[in-house]
Every structure is written in C-alpha cells, then in structure tokens.
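Structure incoming, see below.
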Amino acid sequence: MPLIECENLVKQFDGKPVLRGIDLVLNEGQVKVIMGPSGCGKSTLLRCLNLLDPPTSGRILFRGEDITRPGVDVRRLRQSIGFVFQHFALYRHLTVQENVTLGLRKIRKMGSRMAREKAVCELERVGMYEHRDKYPAQLSGGQKQRAAIVRALAMDPAVLFLDEPTSSLDPEMSREVVSVINKLFLDNVTMFCVTHDAFLAKYISDSVVFLDGGAVLAEDVAERLFYDHPDPRIRQFFLGVIDMR
Amino acid sequence: MSFWDILAVLAAGAGITLLLSVACMAAALAVGLAVALLSRSRWAPVQRLLVGFTFVFRGIPVLVLLFLVFFGLPGLGLRVPPFLSLVLTLGLVSGAYLAEIFRGAMNAVNREEVLAAEAAGMTRAQGFTYILLPQMFRFSIPGMINEFTAILKYTPFAYTVGIPEIMKRAMSLTPVILRGLEVYLAVGIVYYLIYKACVVIFSALEKRFRIPGLSAQER
Amino acid sequence: MNVLIHDLIAYAPQILAGLENTLLLAAIVSLTGFCGGIVVFSLTLSRSRLCRSITEGYISFFIGTPLLVHLFLMYYGLPELGLRISPLAAAAVGFTLNISAYNARHLMTAYRGLDRMELEAARAAGFTEPETFRLIVLPQALRLAVPALTNQATQNLKDTSVAFLIQYKEFFSQVQEVAATNFEFFRAYLFTGLVYLALVALIVVAARRLERRIALPGFSA
C-alpha cells in the first residue's frame, strides 16, 4: 500500500529549477534510497516531501491525502515523518535522553514519566542507553547520529527520512550507523534515505532511485543499478562512488 | 568616628543600592530581550527603528538621560519618581547593550537544531522557546555578567535624584566628619565587595548550569 | 523652543567653552588612559609574582568600583593629603586610573587570543623580554584590541559628563546653567543628548576608518 506518492513534483528556488517533475512511490514497509551527484536535488526532495521546503507545483499524497493543498495540518504531517539530518542537529543544551523526551512531551503531550520510559526503551534498542545522560558534545559522531535516529524513532513515525546520515562520519563510525539503520530495515521500518554512500545503499535498500539534474533517471534494485546499468552516465557515477570505498 | 563606623553607615545604604541594581537589571533584561526578539522581524521599518534605538541609548551618557527623565520630563507635565527614573534610564541604556549581546548569541545558535524541532512537528513558537531561547541565554552569560556589573557601577548616580543609597549617605557624612578620603575609600570598598559577590554568584551559577560544548568559551 | 534657541545663542560663548572643556578632558584622559593601559598591561606580564598580583589587584579594584568614586576620591580626598588640585586635574587623575584599568583588561583579553607559538619563536630567536613585548606582543595585542579600545574611547567621551559632579565646567554643566535661567530643562537635556550623539557618531566613523587602515590580511579581531 503506498504511503507517499508524488506526482510531477517541481521545486524552484528564485525561478531556478531544482526538481523538474519527480514521480515517486514509497510503499509501507519499503526502504528507498535516493542517490545522485551533488546538487542533483536529493536533499531538496526530502525537504519538499515533509514541507520544510514547500514544493512549487505538483502533488504529494500521504496515505492518499493530498498534502500540498492549502489548509493541511503541516505539524500533524511532520509528526508522522521522522527526520534525521546529516549533521545530527541534536539539541546541544539537552542530554541524549532529554533530546528524545522533549518531542514526546511537547509535541505528543506525554507525561514526563511516560516519556522517560519510552525514551529509555528506544535508547536500549540502538545501544545508547548507557550514554543517556551525556550531552551531544560528549558523544562521538556515530553516537550522535544514533541518538538522532532514536529521537526520530521515539515519535513512532510512519516513515523515517534520512538525509545523508553517514556523510559526516569517518568510515568506522559510519559502519556503526549503517548497522543500526540495517537493523531498522530488517524490522520493516519504512524509510526514505538520501545518500552518497553506496555501502549504506546496498545494505538497507529495497530499491535505489538515481536522481540527476532534478529528475529521476533510473530506479532499480541496488545490485543492478550499481554494476550493469545500460546508461553510461549512471555506470560512470557508480564506478566512482564504489571505487572510492 | 572610626573607619568601621563609616563602613557601617554606608553598608546601611547597600540594601537600597542592591534593590536598585536588581530592579534595573530586570528592566534591562526585559528591554534587551524585547529588542533582540523584535530585531528578528524582517520588516524594514522595525529594523530601522531598532538601529536608531540602539544608537541613541548606547550613545547618550547615562547621567544626561537620567537628568532628562527626572528633571526634564516634568517640564512636559510628566513627573517620574526618583527610583523609577533610574530604572527607566538604566533599563533603556543597558537594555540597548544587552540586545546586542542577545543578538550575537542568537546568531551562535545552530539553525539546523531549530529546523529539526520544526521537522519533528513543533510550532515556530515551540522551537523558539525550547531550543533557541535556552541556548541563546547560555551564550549570553559572560556579556550579561559584564552588563549587570556595569549597572551596579552606575547606581551611585541615584544620589543626584535623592535616593538614599550608598553614595548619598557618603555625601551627607563627608561635611559632618570632614574626612573625604576615608569616606570615599570606604565607599569604594563597599562597592567592591558587592561587585565581587555578584561576580562570584554569577560565575557559580554559570558553572552550575554549564553544559559541555555550550559555554561561551567553547563557542 | 524659541526661548531655548535664543538663550543658546545668547550663551553661546559659555556653552562652547563647556564643549571645549569636555573635548579637552576626553582627549587628555583617552591619551593618558591609553598609555596607562599599556603600562599596566606590561606589568601584568611581569616576572615578579608580587608585581603581578599588585597590578591585578589594581585592575580588579578600579573595574569593580564606580567611576564616580574614583573622581570623588581625587576631588575630596587628595586635598586632605595637602594636595590642592583643580577640578580638571582631579578629573584627569581619576579618569586616568579608571581608564587605564579597563584598557589593560582589553589588552589582556587580546593577549590571550594571540598565537603562543609566535611568542615562543620570538624568544627562541634571541629577543630579550622587553624586545619581545615591544616588537611582538604589544603590536599584535593592540591590533586585536582595536574594537575594544575604540569602544572605550566612546565611553570616555560619554563619561566626561560625570565630571560636572566635581565642579568641572564641562559641556553638560554649562547647558544646565543656561537651563537654570529659563527653566527649559527638558529641551536643554535633549539638546545635550543630541550633541553627545553627534560626537559619538564622529568617533564611531573615525574608529571604523582606523580599523580598516590597520587591518592585516588574515588577521582580524
């Protein structure tokens, strides 16, 4: 069953087109990875889908409901979409646990005890329980990203958006985060992930979307897209990305 | 009259000095916050107004503004009591300085954290209250300590409008005992003790609520 | 309004003399305070622990107490030691002690922002301590402290208005005397404020020029 569908999605910044008519479907329980050269519009696509950047034209359906028409409850929509940022965006003045409970208390209006119990449970799931009282500045990059993932997951979103979750991590920490995301993949969490990281793409995706110049060039399972795609542009791209690993 | 007696007389005025300082700090905080918040507005007339406000109240001498309020406004039919005059004056002047401190601190807050709060479904007001404001305050602490002690050091102007604080007591003591050197040395000591106490208390509070990665030194 | 303008013209010589006194005091104490600040700053770097703690005590006391106290100490205190001095001299001494402390602290803050390696290199190259201070430490600390030092100059100008409380015939006091004859206090103080704002604006513009002129590539405060 489709969770998110977008039809002919266009986004322009000051008249400059970044997305030129994207058609995509994300089904429940599915994990889609979006790849493509820098500046191809990957991150903009994610931000359009949860209306952080409102699209210029086109339709986005969330559970069949058009969320681009006026009068949509943007906040309710965003509560169903967990968002993980490249640079973690953890609240630096709060501990790991408080980072998780703030949304539960202020957005989901949970009591502080219930929020705490929920946070502890989620933190255990990704092995961050022992770090719950640390502040972001006291964590390694991998721990920060795990904390950010927990913060998003604790809100019980229908889908998790990941924007370059491993790009600002060194290889070792990156593996640590990939294994957490892989676990979510195996748990059937619906995910939309933008990345440069072929390793991540391979281990967590049902299919990979290749985006170039603001348009979808190809969509296929990772293996086929990476190793023997007829389009030379795509072969060229993945040759570079995979060789670098 | 021994030096200790002089100190005792002056110390009796210290309560009023402290009360004045706290009232002025509260006023300055309110003005500074209001100006800093308003300056987030992108509306050009508001921006220009605030630039003007900051220039005027950072540029005018405190004593001149105090006299304008206390001795000048009655000429327009507006009588402002002494205590309020000083609170108004220092509230505006220090508020203008604090606004600059708050503005700088707000720019030090990572925009992406506020964005993350909104992406999770918080309203703009919630993102502001729970993310931006608490971090801004932490970055502002050194500047706030500076500004608050500046307020303390401006309070002796209160004697010019007849408030019986430390300096006023010293001035009425001098012609009686004719030992200005000792009296004003004692005034200096009393102020210095209050200043030191303020700095110690503020620093202890800062340390108590310090968060790794968020103190102004690490900015 | 007309009354005030009329009186301002009538009393122009007195008011201009006041303005001259204000500028004179501000210029004197900005200069002495600048030099004093450098001397005090150099003392904080002294090898002798006693010298350092005395200097730091001096800075702490003068930053921790109101300017008005320093002025009263000089004006009412010094005569008791047999030193009879004019209001200008009392103000100049009081202000200098006050401003030197603040300027020394500005320089200390700038010094903490300096590159330690460079200082080590200077010492390793065989410069003596005074040479290192004069040729390396001071020029760089001064450059880094320019915004703080020019802010201090603006502050000095505004603070000279306090000198009227020790009977120095500066601008503010002269306008007040005029106001006392016609009771136009509000307008008189408004006029005073505007004149100060104009002077402050001049200093700010000059300070910007100075900052641009002495800016080095890759070296900013």
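By letter and in written order, the chains are A, B and C; residue numbering begins at 1 in each of them.
Please note the rule applied: a residue touches a chain if its C-beta (ideal position, glycine included) is under 8 Å from a C-beta of that chain, and two chains touch if they have at least 3 such contacts.
Remember, it's a predicted structure, so these values are computed and weren't measured experimentally.
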item: Co-neighbours of chain C and chain A - touch as defined; value: B
item: By count of C-beta pairs in contact, the leading pair of chains; value: B-C
item: Distance from the mean Cα position of chain C to that of chain A, given in whole angstrom; value: 57
item: Separation of chain A from chain B, taking each centre as the mean of its C-alpha atoms, in whole Å; value: 46
item: Distance from the mean Cα position of chain C to that of chain B, given in whole angstrom; value: 21
item: Sites on chain C touched by chain B in the complex; value: 61, 64-70, 72-73, 76-81, 154, 158-159, 161-162, 165, 172, 176, 183-190, 192-193, 196-197, 200-201
item: Footprint of chain B on chain A - complex, ascending; value: 50, 52, 75-76, 78-79, 81-83, 85, 87, 89-93, 102-103, 106-107, 135-138, 151-152, 155
item: Interface residues, chain B side, partner chain A - complex; value: 110, 112-113, 115-123, 126, 130-131, 134-135, 138, 211-214, 218
item: In the complex with chain C, residue positions of chain B that touch it; value: 55-56, 58-65, 67-68, 71-76, 149, 152-157, 160, 167, 170, 174, 179-181, 183-185, 187-188, 191-192, 195-196, 199
